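Consider the two complexes below, in which chain A is the common component and chain B and chain C are the respective partners.
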Partner chain A sequence: MRHWFALAAKSAWNRRLTLGLIVAAVALSVMLLLGVERARRDAREGFAQSVSGTDLIVGARTSPVQLMLYAVFRIGEATNNIRWDAYQAIARHPLVAWTIPISLGDSHRGFPVLGTSAAYFDHFRYGDSRPLALAAGKPFADVFDAVLGAEVAEQLGYRVGDRIVLSHGIGGIGLPEHADKPFTVSGILQRTGTPVDRTVHVSLEAIQAIHLDWQGGAPVPGFSIPAQFVRKFDLTPKEITAALVGLKSRAAVFKMQRYVDDYPGEPLLAVLPGVALDELWQVVGVAENTLLALSAMVVVVGLAGLVAVVLAGLNERRREIAVLRAVGASARGVFALLMTEGLFVTLLGCAAGVVLLLGLTLLVAPLAQSRYGITVQPRLLSLAELRLLGLVVLVGVAASVVPGYRAYRLSLADGLTPRL
Partner chain B sequence: MIRVALALVFALAQPALAADKYRVGERLRQSTARPAAGASYQTIRWDALVPEGWDPARDLRGINLAMLNDGDRRATEALEKMKKAWDEAPIEPAWNGQRVRLPGFVVPLERVNEEVTEFLLVPYFGACIHVPPPPANQIIHVFPAKPVKNLRTMDAVWVIGVLDTTRSEALKGGNEAMGMAVAGYRMKAEQISPYKGPAR
Partner chain C sequence: MVSGMPPAIVELTETLYRWSPGETPCLDIPAFAMRAGERLFLYGPSGSGKSTLLGVLGGVLVPERGSVRVLGNELRGASAPARDRFRADHVGLIFQQFNLIPYLSALENVLLACRFSRRREERAAGEGGARAAAARLMHHLDLEPALHSRLATRLSVGQQQRVAAARALIGRPELVIADEPTSALDAERQAIFLELLLRECTQAGSALLFVSHDRRLARAFDRETDISSITRSNAYREAA
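Up next is the complex of A and B:
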């Protein structure tokens, strides 16, 4: 058997250019296939990671998926706010253990600003029910204190005590700034691998304070309330964007959901994060499967190329095979030779594909982290990925049967009397 | 080629639509077969979780609707009473510590790495999403012994585990006074398997 391997290797080395190209094609297709599978998994885990211990997300009436997307993942914008008294009524409900108010709409150099209360640092959970922890400093105490997510601090190089200016609205450059009321960084959170890392946290009072002298989305011209005087005004929020709600008993979640949905004051919506996530995956799942199917097709195309190359090569290898037969190789041996070649090209392609994927992951990881707060970790192959690879190898070997069988048929009569 | 690709896409997209198997409000059929000899659990019906003699519609039953005028106050009052009773549905403490097996639909609460670590089990499809929620004694808060993979909202499962009817510590506070006491079943699930077989 060993000399068959040696023969196959030597023969393949002779045709290294064409075979090398086909290995590259298989490698690229395998990278695509695994990349799609990995992106799917990472996105799902990243999303599932971002919310934990929260029983209900409450916001203005909209689609459950949209509410969850903007309240938890800061993707998209809120269609409407909820009034402060409605939030108070929910917070005081006897079934409710804690609530975290969320007020969105401002940003700092592209990072979303989230107005909240001290409850955020006490009750917010992520991953496996882990609480938030400060890497430096302390939670906000003063109106103009801000607590930064790990990514914000790292990218912009902020430290505790630095002064930052918030912008009105979410988006890129050219937003009106709240320059007259700068904030002081009071704390920096530890990295969580969730959208929290990309968020600037301030108090609800601060959100109210910076908009005191604003009217209709712009500062009132010629009128400004200096930062030291904002405390003279009522800084109780008028409205918030959404709220995270934790219940005393999780089994009561339906009852509370109905209470919120039927709240007489204004149209509200309460969603269970787990259910909304499933809804999201159901929508996204179709696109994911399409991508997976397409990349599977690409792999098939790559393997078809492999068969074509080996088949075409057979013609020029008539003599080689004939010589092998003449010195005593069996027809079955020739078949094995071709199969070995197919197997090794596929294996090599898979291995190269995995290496390419790891390289690409390293390249993309910082981008995914900073843009979407999703942690993409270069890690070893998962069981599902190994299964995919196994499938690719299996198809590759099965496809190699075609040239193998042809060589087997030809090697008997053909070759010694080539008609050129 | 394109047609093949499309066919493949639809074939792959099928599982995503599998939840449409059940109609809203549909319940799962329960086998009445006795458990195999040596089985340490009993297969129960959801009705068994309701204490005997609890009848939220008692007040409504006492009224002969045919004798009332349209828009009669007594009818409305009785209906309100029934709704309130429904909201405060009691549980059957006798189930505490019993190992049982019953089928239901999943509402996931907590996930770690795509695996469900906590969920609610409800008796009928669509509970909580499209139809009024089931009363407290028809919801089981399930803690799987080990996280469950591939579990999605409204998946139908069989659950085997030990029921717990003791109240959680957080609820022992003064909430009873406000008539909002939440009693409920909790379960440490030892085994969770997909429900197979026709819905009722």
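Up next is the complex of A and C:
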């Protein structure tokens, strides 16, 4: 058997250019397939990691997915806020253990600013019920204190004590700045691998303070309240964007949800994070599956190319096959030779595809982390990915039967003298 | 039968081969025999069923009826793997051209015969190892050592044919079949090649079945046979 492998290897090496191109095609298609699979897993895992321990997310009435997206992932913007008294009513409800108010709408150099209370540091959980921890400094105490997520601090090179200026609005360049009221970095959080890393946290009072002399999204002309005087004003917020709610007993979640949904003062919505996530995956799942199906098709195209190349090369190899037959090779051996070739090209393509994927992951990981707060870890293959690879190899082998069988038939029909 | 005469190594009796049933047979031989160590010149123009005969003797084509006995083995009833093994073990083949695997060196091409046959590998090993046996054969066939590692495609046609001869002879198979091995060579090289081939067949003790349309080469052989005299094939007559 060993000489068969040596022969197959030498024969393949002799045609390394065409086979190399096919290996490259298979590798790229495998990379695409695994990449889509990996991106979807990482995204799901990242999303699922981002909220933990929160029983309900409360916001103005909108779609549950949208509410969760902006409240937890800072994706998109809220169309409506909830009034402070409504929030207070929920916070004081006997079933409620804790609430975290969330006020969004400002940003700092592309990173979202989140106004909240001290409860955020006490009750927010991510991943496997892990609390937030400070890497440096302390939570905000003064109105103009800010606590940075790990990614914000790292990317912008901030340390505790640095001064930062917030912008009005989210995303983009050229936003109006709250330059008259700079913030001081009071603390930097440890990395969580969630959107928290990309967030600038300030107090609700701070949000109120920087907008004291603003109206309708712009500073009121000729009117400005210097930073040192804001403390003289009532900084109780008038409205917030959303709230995370923790209950005393999870069993009461539907009762509480009904209470919020039926709140008489204004149209509110309470969603269970898990349910909203499921809904999100249902929406995204169609696109995911389409992508996965498309990349599977690309793999099939790659393997079809393999069959085409091997088949096309077969005519030139009829003499080679006749010589092998003459020295005693069996027709089955010729079949095996072609199968081996197909198998190795597929295996090589898969291996190269995995290497490409790992390279690409390393390249993309920082971007995914900073842009979307999704931690892409350059890890080895998951079980699902191995299963996909196995499927690719299986299809490759099945496809190789075509040239293998053709060579088998030819070698039987040709005998010792190929009729060319 | 005269006593002391070498035994028959090839015996065809009422052998009929057709490409497909219902067609005129392309091979129909009432009787044909070759003795061990014999050097037989088989004359036949193209289309006379030569290739079919070689395929049948090599165990690649199976006749519809009749008997094909080579070295006492009946090939017609044998399984495909058995026929392949038989060919690897006992038959050396040389064709008109394109005898070599292009991506192997001259030496590797010669050794290929041993790779497929343990018997020939062992017989070559008895002569000091397969590589040594190959080197010696190549030396005898005027292939200098510098050529051994050269890729088959970078050899001249004459060198390629001699490498093919070395491969056919290594491990001393009982039967060497050469199908127009000299027709790609010029007249001078034809004579040299034929001389070397005959000498080495004698040394190896192999019978040589030499097929050619060029009757001038027949002089050096023990016996000469016209393929039309052993076959009653209509196909040949029609083609001719």
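A few notes on this one:
In the analysis below, the second predicted complex is superposed on the first by the 413 of 420 C-alpha atoms of A that agree within 3 Å, B and C clash if a C-alpha of one lies under 4 Å from a C-alpha of the other, contacts with A are read in each partner's own complex, and residues count from 1 in each chain.
We take it that contacts are C-beta pairs under 8 Å (C-beta built on N, C-alpha and C of every residue); 3 or more make two chains touch, one makes a residue touch a chain.
Keep in mind the model is a prediction, meaning the values are calculated, not measured.
Partners chain B and chain C, brought together by superposition on chain A, fit side by side with no clash.
Within the superposed three-chain model, A:44 lies in touch with chain B and out of touch with chain C [touch as defined at top].
When the shared chain is aligned, no partner comes close enough to touch A:221: not chain B, not chain C.
Legend: residue contacts after superposition of the two complexes on their common chain; A:282 is shown touching chain B, with no touch to chain C. Contacts of A:248 after superposition: chain B is touched, whereas chain C is not reached.
After superposing the two complexes on chain A, the angle subtended at the C-alpha centre of chain A by the centres of chain B and chain C comes to 110 degrees, rounded to the nearest 10. Touch criterion not met for A:157: it reaches neither chain B nor chain C.
Among chain B and chain C, the chain that touches a larger number of residues in chain A is B.
By the touch criterion stated above, A:55 is placed in contact with chain B alone, chain C being left untouched.
This overlay, made by fitting chain A, leaves chain B and chain C with a least C-alpha separation of 39 Å. Within the complex formed with chain A, the residues of chain C that make contact are 51-52, 54-55, 58, 60-61, 80-81, 84-85, 87-89, 93, 95, 98-104, 112-113, 115-117, 167, 179. On the chain B side of its complex with chain A, the touching residues are 5, 8-9, 12-13, 16, 19, 87, 107-114, 116, 118-120, 127-129, 132-134, 136, 139-141, 152-153, 168, 170-171, 175, 178, 180, 182, 184-186. On the side of chain A, the complex with chain B involves touching residues 41, 44-45, 48-49, 52-53, 55, 94-95, 97, 127-129, 248-255, 257-258, 272, 274-275, 277-279, 281-282, 285-286, 289-290, 292-294, 296-297.
For chain A in complex with chain C, the touching residues are 3, 7, 10-11, 13-14, 319-320, 322-333, 415-417.
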